[in-house]
Amino acid sequence: MEEIKLTGHPFDDGLTDDDFAPVPDRSAIVDSIRPSMRYWPEVGRRLMKNKVAVFSILLLTVIVLMAILVPILSPYEYDATSLMSARKPPSWEHPFGTDKVGRDMFTRVFMGTRTSLIIGVVGAFLPFVLGMVIGAVSGWFGGKVDMIIMRVVDIMLCIPSMIYMILILVVLGGSPTSLIIALALSGWMGSARSFRGRILQFRNREFVLAATTLGARPGRIIVRHILPNILGNMAVGLCSAIPGAIFAEAGMSYIGLGISPPMTSLGQLSSDGMQVFLTQFYLFFFPSLIICLIVFALFLFGNALRDALDPKLRDEDYLARMYRKTRRLTIRNTKKEAAANE
Amino acid sequence: MQQEYLLEVEGLKKYFPLGKGRTLHAVDDVSFAIRPGETLGLVGESGCGKTTVGRTLLKLYKPDGGRIIYRGEDITKVSGRRQRELCTHMQMIYQDPYASLNPFMTIGEIVSEGLEINKIGANRMERTAMTYELLERVGLSREHANRFPHEFSGGQRQRAGIARALAVNPEFVVCDEAISALDVSVQAQIINMLMDLRELMNLTYLFIAHDLSVVRYISQRVAVMYLGKIVEIGKASEVYVHPAHPYTQGLLGAVPVADPDFEKSKTYQAMVGEVTSPINCKPGCRFANRCPYATEECRTVTPDMKAVGADHFVACHRL
Amino acid sequence: MSEHLLEVKNLHVSFRNVVGEVKAVRGVDFYLDRGETLGLVGESGCGKSVTVQTVMRLNPEPPAVIKQGSIVYDGVDLAKLDDKGMRKYRGKEFSMIFQDAMTSLNPTTRIGKQMKEMLRAHRDISDAEAKKIILRMLTMVGLPNPETIYSRFPHTLSGGQRQRVMIAMAMSCEPSILIADEPTTALDVTIQAQILEVMNKLKKEMNTSIIFITHNMGVVARMADRLAVMYAGQIIESGTAQDVFYRPKHPYTWGLLGSMPSLKGDVPERLMSIPGTPPDLFDPPRGCGFASRCEHCMNVCVNRVPPETEVAPGHRVRCWLLDPRCKTAVKPPIGRDSELIPGKEDA
Amino acid sequence: MKKRIVAILLALAMLLSTVALAETAAYPVEGEGSLTFVATEPNTLNMVQASSNLDSAVFYLTSAMLYRPYNGNVYPELAAKCDVSEDKLTYTYTLKDAVYSDGTPIVAADFAYYMIATMDGTSAAYYKNGTKYMNGECTAADVGIYAKDEKTLVVELEMLTADFSPELEIYPLQQAFVEAKGEQLGGTPADLMYSGPYVLTEWVYGSYMTFKKNPSYVDAAASFPLAELRLIHSVDESGRYSMFTSGEADVLTFISEETQQMIPNQAKQYVSDAMQGLEFNTTGMMFDAAQGTFLPRDAEVTKVLSNENFRKALSYAINRELLVMVINPSGLPVNRLVTPMAEGNTDGSRFVEDYPLTADYAAPITGDAEAAKAYLAKALEELGYASVKDLPTIKYLCFENGAFRLMAETLQSEWKSILGLECIEIEMKPVQDAVMSMVFLNYDIYFQSVSSSSATPRSFLEQWKTGGAISDAMQSGAPFGSVYSNAEFDALVEQAMFEFDTAKRQALIAQAEQIMIEEHIFVPILLQGGYYAVQDYVQGFVSVGNQEGYMFNHTTVTK
Amino acid sequence: MTKYILKRLLISILTIWAVATVCFFLLRLLPGNPFILQNPLDMKNAEKMMAFYGLDKPLWEQYVSYLQSLLRLDFGYSLTHVGRSVNDVIVQYFPITAQLGIQALLLGMPIGMALGIVSAVRRGGAFDYGCQIGSVVSTSIPSFVLAAVMQLVFGVYLKWFPVSQWLSFRHTILPTIILSLGIIAGHCRSMRTLMLEVGRQDYLKTAKSKGISNVRIVVFHQIRNAILPMITGLGMEIASLLMGSYIIEKVFSIPGLGAYFVTSITGLDYTMTMGLVVFQAAIVVFANFVVDLLYGLIDPRVRIV
């Protein structure tokens, strides 16, 4: 049995005999394991790192704070008219100027922001939840139930939502709460359809089957298992639904069903401002500016949230940018080399 | 009187309607029985209906025909409260470690969900204690309990899946391709653990897999399925050494063995043709189009099971 | 200069991401001769796919970075070429088939058109000629009715048929090297046997050499003349099939072969299983990758990367146990005719 | 491959078919002496159903008239002469020879048919058994309007009233044509008979209407010099302004006060006779259309509204001058029921000069806060309230119209700052719903807009007579009788109806007006006005707001 | 194939019937009377008009007679615009609104997709962020602001385009551009996500391994597979465009259907609203049907049985 060992490498690598002693306890050699990351705090961390998200959150908080504080701290009542100081341009006394009947626009705009935000947020959230429940029922039970609900959704989508809104608002009277209920009852179809699709997607996933075999009832499965997986990116949809609700309210006030005066909303202020935007530009400019900022911030936040939930997208952006940079470098180097060795 | 069989399945049928008069005959008249503490291997190529059999037993799919008898009680049509009680007796281990655990629940919650639903254990404290004990039993440690699935390797996740199934202390466990998605070294760890658990909790397994060598190792009896039917069933040693059905022979011949000289010397003629479509199947042996010995009778008459040895049955006209 | 068709020396490839770098391949050396099938075996995440895809430079560069090493083919170092330079080789000199044939074919284009595209890229021949070649290739891979297959869409074919189409497409330009990345993993055993048969037939007829990647030891035993076992980004043992299967010298190879229940022979009482999990290549261990899971681990294994020692002509192993200064003698538990690895008796 | 081409063609065909259709819209003919003016298009040109005054503006251009009003006075057009009977009850008009644009002659029967077809409650009372005909007790033939022969039209009155003016501004309407057209009458240019200065040649709904001069018009030579008129329909303020400044439009019949500030020298003002003021529902009842019965309203609110001093307090608190100057500068603040435009005793004088208001019973134009507070204190005392805070909430019904909503908010805030009234709440409803609520008395305070018919102030006051148009809008014999009934007021109005001597009639009207003002049933605030814009190169264009219409009688364009 | 078309036709008719029925009864629930506005003080006139249009008959009878006229495709006469039949209004107005909508689509969709493709290929670069910011800004500015400002800038000051009305092709340019901004933003965003999704598929790696040029990979493999899902959204988009945008039509005084929708609902013009709603339902159903047909023909995987 000839000697197995072959010399193949020099011995001058500075090893000593005790190097070859067996390792005292093998459990000590533990390879590095990445730190444990909980899902939601991880999403939060990624969100905070994203400059765009931070900017949009800051912008939203500033607007919300102003909407709460300004009407309280401002010396003028939002609905107090003073006919003597009508149509004043923006000045220190009236930062946003005064409107046709002398009401201080600075207070009115932020009072309007308050109503618009409330209607926007609640008006987007209620149809979302209503759609979720109906979508869950039709997605989970399937068969005839699903077919009927989906047909109803198709039909209701064909009818202009304005008819429902007027009907509900007239029956319930013009208060903000009835406006929100109207928005909910006429806006749930979209989110119902997307929720149904999501639930169908998850229905045959193995962890859902496992829960069924453990004896869990459908309700528990949807709430404990499917919803946490879906809510993440459905929230992104919510961000874009809020501006929709704000504009819907402005539309409704156009035909006399919006917020009952003297309360006002951004939509109302900016469409009134539109009438006079040639002479008193500021009356129109500030409310529309705030609407644009809200929509802008919500949109950026929605995008950032989508990236935070699924970091793959943003990482790939970063890598693609690197790809083009390196390609440009290599092309430049090869050109330099070609030039050099000519 | 001690029942001879823990579970008996007679003529189980499961069809999936595909609309426009086309139905998929996933499981077509399957019968077998398992004794307590025994492991029956169920092998076959993909699309032969073995997973559907497993899921129909646990009522994930409603059976379309035949009877399932568990400890003498016919549980085919059972539902509601009785079915939920059955959940504590019959459980399932799933294939894909990445999809069988809810990414938004910690391992502790996943394992203890079975206890919560079936109200095992007096209060939360006791349930957490039982969860820790289960995790240790499957080779995970206590501080893994509040970690999320995405922080674990494939093997560790499969262990969590097994802990979840064993939480309700079942008698009968269906392992639906439990190790197919794992690497070889991790596979060995899980198989060893499953066999230890079988002894510890005297479990009865229905081990579903397409890897014949693993099934030979773990199961006492083996059933070979082809296009929704069992073509051969018997003691593992019998079926592997003297395969009677042409399909089993072809299958065993096709499996590559980790021995270069043997493989290179093997003069094996690969089975010709493709699996026929399981939709609207006509009577007759479904292996007829690929079987070298197919006769006219094979193409028209469905063969029924015939005994070819002690506890060794085959569905083929040739014998 | 070197007589090998393809030679890869000291290849280091790492994937850059936002947080840092994953060193997928940490110094791989292998060679491939004409007409030979090299098996590349290893568990998932060991870097085998990355290695072959880097040979063909399929991974976009910024995430993948070739740190060091050279890939010499026909005297040209492919690692230095840019994308345009590589395009001549892809399809013509090397070609590749993938694991999941279902998603590897463009679902909205007919089979014929996808194959013609490859031919037209490398040879300026007329459509009719290209069609003739394609039909010939389709019959060579054993598809019964090439004419109908030519004009059908991928989703209408079965798994086995799709894989045959992939092989036909890959071989249509008569490449000198065919790289098969787990071609049969997604297929059933009977279909797998048919596909392996087709690959062997083509290898003989077109005298191409094959790099066969798989994690199934049985398949590699059937196909490979020489094979290399990869673990944690390195080739830990390479040699002829007989060397590695019958006289394995690396503890990981023992574990790999031991934990495979085999159809032949008696049923082992208990499978040999390797405890623990492969290391995270985000920050790889200093010494031997297998140190944390190896029973015979020594201090040096933890601190120093073991060099490759030539145990027999062509049979190279990267493990400190084979170092003459190693004290302990180890009897390999696996391997038909493996002998005791003698240790240096303590004085 | 073939199948795919078919699919793409199918999609393209669908798109192209719609585009081609629209391309055939006609191009305007650039004619010398044409004028483009921007207004809102009429709802319909169906004379029988003609509802809003927008429609009558177009009839002024397309249809001949017995007597045609122009710039404040009326001159005969088709009426050659008018003979009046001694008892002033029968009027016989002989017509000039005139033809429709298609050549058929205009006959007296056309005028008779028009008057009977468009007769409504108030106008029927004048003519013999007109009210009987309206109630269906007799046929059209018995009504005192008939054509003796082709050229003579006879009108018999039920009773002689001072208000009836023989110069009837009526159009000819051919019965046969109306019956032939049925529902389609006035729908498209082809469904109209043209006898007036212009023929409507083209009407693209929602976009523009083109009128061409009608050669067969009776005095085409002497008036309406313009060869072609184009009406552009636009409801958007910034759109109108852009058209005017870019020269696409020569006249804008209605512009907002802001646009007026942008183009001051081209903008002109007019004051219409639509009087706007506050109306209080003192009946304590409201009509429920569903059951068709009357339901009681909140008794406490009715008690407060019925208190004269409370209403006075609200009226005196308003500084009308400042309010109008701020909200609607084109309007005219008023604190009395007869408009400043009404004629006085003699030809040159004005009613308001002959019968000035005395300060004690009418709220001054600039408002009087002290008096308002005093009245409020008296009202609280009479009603037994300790302070303003205990008053019940009063609902101010309003609907979505920029100016109306602004007026509501301003009044509410002025009352709050001056009188400390917190109890007034604005209730917004869509236009339809709001008007229905007003008619069914489902309101507490309503900002009413009523046509004050300056020419005959008596007929304006008559609406508040017991059973008059406003008092008993429901004509359904409500249990409470009518909204406002004051015997003395009724007598004065009745008497004025038959008093032919101008001075005496005016005195009676003044007294009636004083009673109503004192009771503050209708608190007048302003006369609605408006602006319209005319380019410099347009001369002789007269517009009395969109009430009477656009008088192009002597308008010329020198581009 | 024909069986499929017949089945789809039946479903469409049923849907349209259901929409008409629901809308008919919903409208009747709205309070107020369509004719009150004409002469507020004279209730008698309102009753006379109701009788004239047969609105005083019991509801069920009205519904049945309405269905019969619906079968004859006659939507009856408008209540507020007396004498004008709803059919004429639709025939007169719909082509104009359709032309505006389709011109905006033809302008917006290709540009949107092109931007989407380029920003996907050069993802992470300046162009990519530019597109994203642009689409954010164009969606957050309310359309009535955009329309008025552009009308002033391009129409009045720069005098490039006529300011209003709908007479020649030059009149249609400005409104089409404004309407297409929204479409461009939407398509750019969805096209980018689809391109990135397809970018991760395996068959792109196969294509690269075939040694074909990058440009050919992007065009033949990536774009070809990314465009398909865009077609599904096309159906609903065409339907909503064909019904017109109320705001743009108001600002540019374009005689489109958009304005009629709003005024007929607020003015309780039952016949006009019903006509428009049924017409829109027909368009939505037809658009979806055509899109499904197209999808079946273009995407081989979708088998129309």
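Labels A, B, C, D and E are assigned to the chains in the order they are written; within every chain, residues are numbered from 1.
Following the convention adopted for this analysis, a contact is a pair of C-beta atoms (placed from the backbone, for glycine too) under 8 Å apart; a residue touches a chain by one contact, two chains touch by 3 or more.
Since the structure is predicted, the reported quantities are computational estimates derived from the model, not experimental observations.
Colleague: Which neighbours does chain B have in common with chain C?
Modeller: For chain B paired with chain C, the chains in contact with each are A, in label order.
Colleague: Quick one: which chains contact chain A and chain D both?
Modeller: Touching chain A as well as chain D, we find E.
Colleague: More C-beta pairs touching across which pair, D-E or A-C?
Modeller: D-E
Colleague: With chain centres defined as mean CA positions, report which chain is farthest from chain A.
Modeller: Most remote chain from chain A, centroid-wise, comes out as D.
Colleague: Which chain lies the greatest distance away from chain B when centres are computed from Cα atoms alone?
Modeller: Measuring from the centre of chain B, the most distant chain centre belongs to D.
Colleague: On a C-alpha centroid basis, what's the spacing between chain C and chain D, in Å?
Modeller: The computed centroid separation for chain C versus chain D comes out at 92 Å.
Colleague: Which whole number of Å gives the spacing of the CA centres of chain A and chain B?
Modeller: Averaging C-alpha atoms per chain gives centres 44 Å apart.
Colleague: Could you state the distance in Å from the CA-based centre of chain A to that of chain E?
Modeller: Centre separation, chain A to chain E: 26 Å.
Colleague: If you look at chain E, which of its residues touch at least two other chains?
Modeller: 31, 148, 266
Colleague: Provide the list of chain C residues touching at least two other chains, using ranges where the numbers run on.
Modeller: 83
Colleague: What are the residues of chain D that contact at least two other chains?
Modeller: 238, 430-431, 433
Colleague: Mind giving me all the chain pairs that touch?
Modeller: Pairs flagged as touching, ordered by label: A-B, A-C, A-D, A-E, B-C, C-E, D-E.
Colleague: Note which residues of chain A are touching chain C in the complex, please.
Modeller: It is residues 1, 4-9, 11, 13, 15, 17-23, 26, 29-34, 315, 318-320, 322-323, 325-327, 330-331, 334 of chain A that touch chain C.
Colleague: Residue numbers of chain E touching chain D in their complex, please.
Modeller: Checking each residue of chain E against chain D gives 31-34, 36-45, 49, 52, 77, 80-85, 88-89, 92-96, 98-99, 102-103, 106, 148, 151-152, 155-156, 159, 162-168, 250-256, 259-260, 266-268, 290, 293-294, 297-298.
Colleague: Using the touch definition from the top, list the residues of chain C that touch chain E in their complex.
Modeller: Spelled out, the residues of chain C in touch with chain E are 56, 58, 83, 87-92, 95-96, 98, 100, 103-109, 117-118, 121-122, 153, 155, 166, 169.
Colleague: Which residues of chain C touch chain A in their complex?
Modeller: Spelled out, the residues of chain C in touch with chain A are 16-18, 60-63, 82-83, 279-280, 282-283, 285, 291-292, 295-304, 307-311, 320, 322-328, 339, 341-342.
Colleague: In the complex of these two chains, what residues of chain B are touching chain C?
Modeller: 45-46, 153, 155-156, 183-189, 191-192, 210, 212-214, 216-217, 240, 250-264, 268, 270-271, 274-275
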